[in-house]
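The same subunit A turns up in both complexes below, where it pairs with subunit B and then with subunit C.
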Partner chain A sequence: MIRICHTLWKSAIAPGPFVMLGATALAFLIALMLAAPWLAPHDPLVVQMADRLQPPSLTYPLGTDHMGRCVLSRLLLGMQSTLGVALLVMVTVALIGVPLGMLSGYIGGRLDSFLMRVLDGAGALPEFVVAIATAGFLGPSLGNLLVAIVWVKWIGYARTARGVVLSERKKEYIQAAQTAGSGTWTVLRRHLVRQVLSPVLVIGALDVGKIMLIISMMSYLGLGAQPPAPEWGAMLNEGRPYFQTEPQLMLYPGLAICLAAACFNLIGEGLRDRLDKRGGLR
Partner chain B sequence: MLVLVRRRLLQLVIVLFGLSVITFVLMKLAPGDPVLSILRIDEVAVTQADEEAVREKLGFNKPFLLQYGEWLLRVLKLDLGSSYVNGTPVLTLLSSRLPLTLQLTAGAIVVMLALAIPLGLLAARYPGRWPDHLCRIFALLGASIPNFLLGLLLIYFLSYRLGWLPTMGTGGIRHMILPSVTLGFALAAVYSRLLRSGLLDSLAQPYIRAARARGIAGWRVVLLHALRPALLPMLAVFGMSLGSMLAGSVVVEMLYAWPGIGSLAVDAVFQRDYPVIQGYVLLTGAFVIIVNLVVDVCYGLLDPRISFGKGDLQ
Partner chain C sequence: MKPLLTVKGLVRSYRDGKTVVPSVKGVSFTIGEGECVGLVGESGSGKSTVGRLLLALEKPDQGEVLWQGEPLTALGSRAMRQIRRQVQVVFQDPAAALNDRLPVWRSVMEPLDNYPDVCPFFLAGVRQSRKACAAKLFEMVGLQQEQLDRYPHELSGGQQQRVCLARGISLGPKLLICDEPTSGLDVTVQAGVLKLLKRLQRELGMSYLFISHDIAAVMQMSDRILVMRDGRIVDRFASGCMFNSSRHAYTKMLVMASQ
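Showing the complex of A and B:
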């Protein structure tokens, strides 16, 4: 565990201005997300029809929506279902894909060719088509959407991890470790995890942004998080009828999605540039 | 080359078979009884006898595998069943709306090329200077802005406030502009970066230095010598961006009330019109898989360095 943290730190150290900017903004957003229950001035679900479509005021800093709910509170608490869920999904798919890919690349043989077939098959469909299929047949809900995303996304991690292990496996330090009597588990944990981590970190950072966009997109279409849940995309969807008179109802959550996705893209792109320069990837 | 095509064709068949199994099983798992949905179209009281008759007619009382076999045979004959909602054959629905989605996609590709090629060229010609920074900011924006937000902003300013362009529906070229820009913007961001890095790679090659030594300078080198190899990676990624194009087309079609297959699919999801959803998934899935095969083959034809011997395929 300490070793993993150390490697993570090393790949993140002196990360350049873009990564720092993204990481600082992201840290701020995550702090907001964690503190949201205390920061939010109102309950995001309480309907006050008397106060509907209010302009910004001291009671409602960003005004209210078509049901008189506080927009700021909904934005703050909506972070959990957009940003928080996207982070969680990324960690889940990485935890599924990376060990499978590493094991398959290291052991090779039948297991590997079987996994490759599975990857080819499961990865043939874009996540959006899978998401439409699950929403269509199993019903539109955030849970079904997440199943669809996990189903498609783990493949990228398995592929990357497998590729790194395949290229490292034949190197001398691994052979030395094997000769010294290290078993499969030890070699994977001690020597290969740290090689896999940096590229996985890059894909992970870029993926969180993509996952956020697809969650909010499906929710915007009405096929993800369902009202009255304060998810950002769903908020945009609910604001749609009031678009011409109250464009801010759609602008605030839209900008929030854009900002959060930009943080992850800054981090991901910056880390990738660094890896490219070191010759780590491609 | 032939080895690759044969192998990929075999893979295509396997994946399409898997796709058919998954959609069939999902359809069976779906909540609600399709027989009742069909009977409900007529809005008359449903009797037990009616129910049995429809069940018999659709073959729902046969064993599962037999049902799948019969369904697959029908699909192979391009009979995708009929919509639960209005009884129209799914194939008719899809084929009447597909041209509009293709038109939209073509528009988006034009927008993408018009934005990505100049930006990528400028960024690679002046790396580290303002065109490069502009390209970087554009790419960040394109990757981060959700397409529905971009579309809403465009509608709000260009058509609602300024009244320059129509908000929705189909029609002439003026109706195409906003949807195409909305769909093409994110793609342009990806491809401008891709072109830039491809150009920088090829500009670092010895043959470019040789060309420069022969006195060919500036833009001429970039356009005549470096551009061609830099376009190859763009082709390779094209297959992958089909997925995001499909997703984007659904949002854009909903946003601009563009009656393509994407809005058809979303409407079908809301109405629980399973045959239509199934048709959409089969059609787009098969389309993506086939385009990827074509892209791979073209890639092999265009880049003679890639030989598809037996060992290279992994």
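Showing the complex of A and C:
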């Protein structure tokens, strides 16, 4: 694990200013997310009808929304449902998809044919439609949305991992490993995980941004986080009726979504440029 | 000489679409303890397949491989594992034979990591430390200590092949299968690797199956030479008898072509 972190760190440090910028901004956002309960000046759920639609002031740094709730507090705590859930989905998806794909690619045979048919079937419909259908079927809640996104996203990771393993397992170093007495698990763990890691990392970093957008979109559609829970997409939706008079209610969560998605895209693109050079990862 | 390995009537073919392409068509030979047997032939003659069959990376369609008299096919996985550590390999393309994401010392230690209770005599005293083992093996194949933490792409082809060799000898095997170990290297580097192979064989008392298309290299290395063509052994002789008039026409052709 430490070695993998070391590899990740080394691969992240060299590729230039954009990845560093993205990573720094992301680290800042995650720190904000973790510290949100202490940083938030107000309870994000407390309704103060007397203070509704207030402009920014010392008490409410970003003003209040249509129910008189502190916008800054809602943005800060909403990060957990948007960013936090996106990261959680990402990790879950990678933990399900990558091992299945690797195993399928390495063992081959019936397991592989079976998994490929499952993937073909599951991948035949557009992701977003399936996610909406699944979330709608399970009922609107953040937990169900999480399940819906994992269900549509694991396919891509399994496919990528399988592809890498298929191309690597023919190489002589795998035969050398077998001759050296490494069994299936050892070969997967010692040799193939590292090969799979870098492409997964790249699509992962790009995907977290997309997943965050999906969560926000679904919440905007009412299929994700339920009111009164703060979530950036849901906040956008709640601000919509007041857009003419109070555009900042949509501006703040919109900017927050853009910023976080931009961080992941910077990291993802930068890592891709770097890792595409074969053997360049140190 | 007691046979370490006996091969009897080995047959192996591959499926290419609907046609079956025979690769090895009935090959038999023995390798004695401490002996270096050369296996020569052009590309496609089936010599590398023989190597993979001996390593049990593939199963023969017919025939058997006997290790000190015991057939490999009849063995359970545990006994197979014990034999596997006695038979190690050096492949043709050292860049492909090393994982490009691992520092080379980890590749060298892979066999020893898999067999934690094996300690060949040349590692006595350092076996408890992985890094010290790797350093000792590096020293044996003429690599520098600073190169332990390098990645394969940071080393030259000759150095990479030395890394592969270090991995090949790390368990103190009785038989090392060298599958065209010098074919991917420059002529000057080749000479160095051949010399190293020869020295290690003497020091560690290993047997070699030296597979190559380069008859000059095979002659320099081997005690006995087998000539393979189209999946069959067409000629076999002690390496001193290379230029005898009784040689097979194909052997003569190979000799001519190499001069």
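Rule of thumb we're sticking to: the second predicted complex is superposed on the first by the 273 of 282 C-alpha atoms of A that agree within 3 Å, B and C clash if a C-alpha of one lies under 4 Å from a C-alpha of the other, contacts with A are read in each partner's own complex, and residues count from 1 in each chain.
In this section, a contact is a pair of C-beta atoms (placed from the backbone, for glycine too) under 8 Å apart; a residue touches a chain by one contact, two chains touch by 3 or more.
Because the structure is predicted, anything quoted here is derived from the model rather than measured.
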| item | value |
| --- | --- |
| Three-chain arrangement built on subunit A, subunit B and subunit C clash or fit | fit |
| First, second, both or neither for A:R194, with subunit B first and subunit C second | second |
| Vertex subunit A, arms to subunit B and subunit C (CA centres, degrees, nearest 10) | 100 |
| Subunit B versus subunit C as contact partner of A:K171, first or second or both or neither | second |
| In the superposition, subunit B vs subunit C on subunit A residues touched | B |
| First, second, both or neither for A:T179, with subunit B first and subunit C second | second |
| Subunit B and subunit C, minimum CA distance [Å, superposed model] | 9 |
| Contacting residues of subunit C [partner subunit A, same complex] | 52, 55, 57, 81, 84-85, 87-89, 91-93, 96-102, 107, 110-111, 114-115, 151-153, 164, 167, 171 |
| Of subunit A, residues touching subunit B in the complex | 116, 120-121, 124-129, 132-140, 209, 213-214, 216-217, 220-223, 233, 236, 243-244, 247, 250, 254-255, 257-259, 261-262, 265-266, 269 |
| In the complex, subunit B residues that touch subunit A | 11, 14-15, 18-19, 22-23, 26-27, 29-31, 140-141, 143-149, 152, 155-156, 160, 242-244, 246-247, 250-251, 254, 265-266, 268-270, 274, 277, 280-281, 284-285, 288-289, 292, 314 |
| Residue ranges of subunit A in contact with subunit C within the complex | 7, 171-173, 175-182, 186, 190-191, 194-195, 278-279, 281-282 |
